[in-house]
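Below you'll find the structures, each written out as structure tokens.
Paired with chain B in one complex and with chain C in the other, chain A is shared by the two complexes that follow.
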Partner chain A sequence: MKLFSETKHYLSVYRKFISTSVSEATSFRTSFILMIFMDIFFFLSAILTVDFIYDHVATIGSWKRPQLMFFISFMLTVDHLHMLLLSHNFWRFSDDLKSGNLDFTLLRPLSSIFIVFFRYFKPSSIPNSFISTGTLIYFGMQNGFGPTQWILLPFLVILAFILLALLEFIISCAMFWLVEGLGINFLRMQMQQLSRWPDFIYGYFTKKLLTFGVPVLLIGSGPVHFLLDINNWPYLLGMIVSCIGCFYFLIFLWNRGLNHYDSASS
Partner chain B sequence: MNNLQKWVQTIKISWKRYTAYRLNFFLQIIGPSLIFFFIKYNLWSSIYSGEEGLVIKGYDFNQMITYHIWSFVVAQIAQGHTALNLSIDIRMGRISSYLIYPFNFWEFHTASFLGFQILQLGITCLSMTVFSLLGILPDFTLSGMLYGISACLYVSLFWYALQYFTGMLAFWLEETWILRVILQVITVFLSGAVIPLELFPEAVRSVLEYTPFPYLTYYPIKIFMGAPVDMLNFYGVITIWLAIFTAINSYLWKRGIRLYTAAGM
Partner chain C sequence: MIITKDLTKKFVSYKKEEGMKGAFNSFFKREAVEKFAVDHFDLNIEQGEIIGLLGPNGAGKTTLMKMLTGIIVPSSGTVEIAGHSPWKREKDFRKKIALVMGQKSQLWWDIPSIDSFKLLQKYYEIPDARYNEKINMMGELLNVKDLFHVHVRKLSLGERMKLELMASLLHDPQVLFLDEPTIGLDLVAQENIRQFLKDYHAQHNTTIVLTSHYMADVQALCPHLVLISGGKKSYDGSLEKFENILGHKKSVYFTFNQCIDKTDDFWKTQDVLFSENCDEVELKLDDHEIREVSAAILNKFPVVDFHTEKMPIEKVMKKIMENPEILSGV
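Right, the complex of A and B next:
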């Protein structure tokens, strides 16, 4: 009962976050439209890069065009969720730490992780939802997905997004120990870059490190390997274990970071 | 002489500013290029390992890696700079100071850019030493290297003019980082930084020849690789685009400064 009422409370707060973000974003219409174009350009460049390569080769690793295009679409859908729900917050977090604005966040009677990382919603990414979902469905059909895969697909997108978010929250915690946190945002973006390609392109040690050490390769490769061949279920298990492990590590690191935090205004 | 001293001092200050937070500088400027190269190295290794003796549009594996090593060098020297500080100065009202300083706004930012470029040249030399130790640095001649670096430095002037243009728009726009990201995404894709332009469909390549994009990465790489490049055409095209954007920037400054209001003014 307590869990239900707390969830309801957090959802009501999140509704307000969305509402204020929409008001703020639509106040600057040129920026809003440019952001839509930015997402579309990014989407097209990622898809066309792979498409142009496949004009010259039949396979990359063991994957043919439809399989890798599905992987890219899957990652773009996860990236899209990330852009929509989280992306702005990481940049604000580094500013808030420097300016001491985090003090106001810590005073609120809500989880500080929730307020820091879910405060800003990016409404300009909504139009891109149709493009990324449409592309994902198109390449899913090209791979001849059956009912099981179609049912699993949305859950796996959400699971991949959760793993990506947890890993990025963990990386962002490093900002507590640095005077200038901007570079950490670039590190976070580089981790995303690594995950945007399937695990088999990397060498043995890199693959092991980025699957078991910092599991960024599980974000896309895990679910897609599983969807393309259900026998690859250990990937899915790895993702779930990684999510649980990352969640507890995040809580530990966040609390250590808060203890270390010395406000600019205090 | 007095003005030269101001330039030298501004360059020194910009060095200090860039290197004040060294980890931040590494993660922001060098890290992305290194990771980008690492991904491309792995991707092309994976592609070429699938078929022995594979040649794609004239590129065997070694030539493809050579292309991407020079692409890393070009990205460092020619496209490292951003106009982040410039747009922040406009948005935060800091340009009020430049209006009374005996050193212009453009002079200050161009001197900072020069400071950044000198730093980038040092970092590129260091990176090439690392590539050499790893045994992946391609063979090069001294003249080829000098031609390549000269081309990159000239391109960096054009890149600076483009960045300056996005920064100037801060007079009208709330956020200019979006324009910088759009410029970055389009440039990385269309300039041949991810895949050589020979791999693009013929129709796309023909259209790109009328744009400045191939001159930002593809042609400087070809110069480093010792491939035949019409230097007169290369420098001519960059000069024309540079002149166009310098004129636009000058016009934007004149219009923008009329709009400008700051606290206390």
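Right, the complex of A and C next:
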């Protein structure tokens, strides 16, 4: 009952986050329209670059065009969710830490992690939802997915997004100690880059490190291997275990960070 | 309602040398500087009290406020507010308090304030009927209803501060922390905010902790004063007692239309200070003397103006900041 009322509370706040974000974003109309085009351009350029490479080679690693294009679509869909729901917040967090504006967040009767990382929604990314979902379905069909894969696909996209988010939240915790967040934000983006390529391009030790140490390869390669061959279920298990481990590590680190926070002077 | 014991906060900062060479040196070796922003601070505030937290810049007032609200964690000591330890940041505790900072905004800059209020309604789970009632009541009291749909960035400082106050009070906090709420405001706006706080306190009996450099705020609102200096408490008592720190006598000022004779026998029996041009005097008088002495001066000298000191607290604060030793005997 308590869990139900808490969830209801958080959802009602999140609805307001969305409506206030839309209100804010549409205050600057030209910028809003520009952002829509920029997002679509980024998405199409990523897809078309890989498509172009396959005009000249038959396989990359062990994957042919439909498999790698599905992987790219999967990662772009996860990336799209990241852009839509989180991306703005990492930059604002760094500013709020430096300016002391985090103070008000800490006074609110909700989880500060929730407010810090979900406060700003990016409405200009909404149009991209149709393109990312469309390409994901298209390349899923090209790979001859059966009912099981189609049922699993949305859950795996969400799980991959959760893992990416948790890893980025963990990295962002370092801002409590470093205060200047620019370097941390670039580190976070480099980590995203690592996950955007299939795991077979990495050497043995790098692959092990990026799968079991900092599990970025489980964000994209894990679920795609599983979807392409259901017998690869250990990837799914790895994702679930990583999410649980990262969640508890995040809570520990966040609380340490809050204790270290000294707030900019007034 | 608020009890602190030995509350201490130590900050570590780093010295940075000037120029390119200094930047290079500091990059590899930095000298750490430890500073006690708040040092073994004891405080006891009853429910419904309004206390003024006074002190010069850098005395530790804001740090103390931030520890009381749970924003920062003390280095040592204890705090209890309405039965909670602030830095545990329990949901119930956060619903019981509110903070207004004159130099920081909790309203969202690029949207109208009504959108921020709606978000706060969701944060604090305020029922619609109660929310609407509070919005209407405070909007009318502060005369800001017309501003609800204006982007916050388009508002004047005074208008914004009224809306900040509204935002803080929507959830009916039991304890309200006000950190320089009238800073930078014109006299009319200051007076409006003071009057609103007075009325609000009379209606709701909210415990209020106020810091301000404007003694008019303190004099109008705070019967209980706490003075903090160098992180330590140097005074904790009534406003009346504070005003009498320099003595019980009142200052009475007379202005004359010409230079008067300083050697006149009348002045020999008085505690008097002459201006450079001898056309103004300041007399220190006991309450019972004021009427008699003033009448004598009005009869004897060409008086064009006279008044008693309007804010003795301002004078006391000035003297204490110049010479903190004054408080050692209090």
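Everything that follows uses one rule, which is that the second predicted complex is superposed on the first by the 264 of 266 C-alpha atoms of A that agree within 3 Å, B and C clash if a C-alpha of one lies under 4 Å from a C-alpha of the other, contacts with A are read in each partner's own complex, and residues count from 1 in each chain.
Just so we're on the same page, contacts are C-beta pairs under 8 Å (C-beta built on N, C-alpha and C of every residue); 3 or more make two chains touch, one makes a residue touch a chain.
Bear in mind the structure is a predicted one, so any value in this text is a computation, not a measurement.
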(request) Using the touch definition from the top, say if A:Met141 reaches chain B (first), chain C (second), both or neither. (result) neither
(message) Tell me which partner touches more residues of chain A in the superposed arrangement, chain B or chain C.
(response) B
(message) Taking the superposition on A as described, I'd like to know which of chain B and chain C A:Gly100 touches: first, second, both or neither.
(response) second
(request) Considering only touches as defined above, state whether A:Phe17 meets chain B (first), chain C (second), both or neither. (result) second
(request) Please indicate which partner A:Asp262 is in contact with in the superposed arrangement: first for chain B, second for chain C, both, or neither. (result) second
(message) Per the contact definition in the header, classify A:Leu187: touching chain B only (first), chain C only (second), both, or neither.
(response) first
(request) Mind working out whether A:Leu110 is in touch with chain B, chain C, both or neither, as first, second, both or neither? (result) second
(message) Once chain A of both complexes is superposed, is A:Ile244 in touch with chain B (first), chain C (second), both, or neither?
(response) neither
(message) Show me the chain A residues, by the header's touch rule, that chain B contacts in one structure and chain C contacts in the other.
(response) 28
(request) Under the touch definition given earlier, write down the residues of chain A that touch chain B in their complex. (result) 28, 30-31, 34-35, 37-38, 41-42, 45, 48-49, 52-53, 55-57, 59-61, 178-180, 182-184, 186-187, 189-190, 193-194, 197, 200-203, 206
(message) So in the complex, the part of chain B that touches chain A is made up of which residues?
(response) 21, 23-28, 31-32, 35-36, 39, 42-43, 45-47, 50-51, 54, 56-57, 172-175, 178-179, 181-182, 185-186, 188-189, 194-195, 199-201
(request) Would you mind writing out the residues of chain A in touch with chain C in their complex? (result) 9, 12-13, 15-17, 19-20, 23-24, 27-28, 99-101, 103-104, 106-110, 112, 258-259, 261-263, 265-266
(message) Looking at the complex, which residues from chain C come into contact with chain A?
(response) 11, 62, 66, 69-73, 87, 89, 91-92, 94-95, 97-99, 101-104, 106, 108, 110-112, 115-116, 118-119, 122-125, 151, 179-180
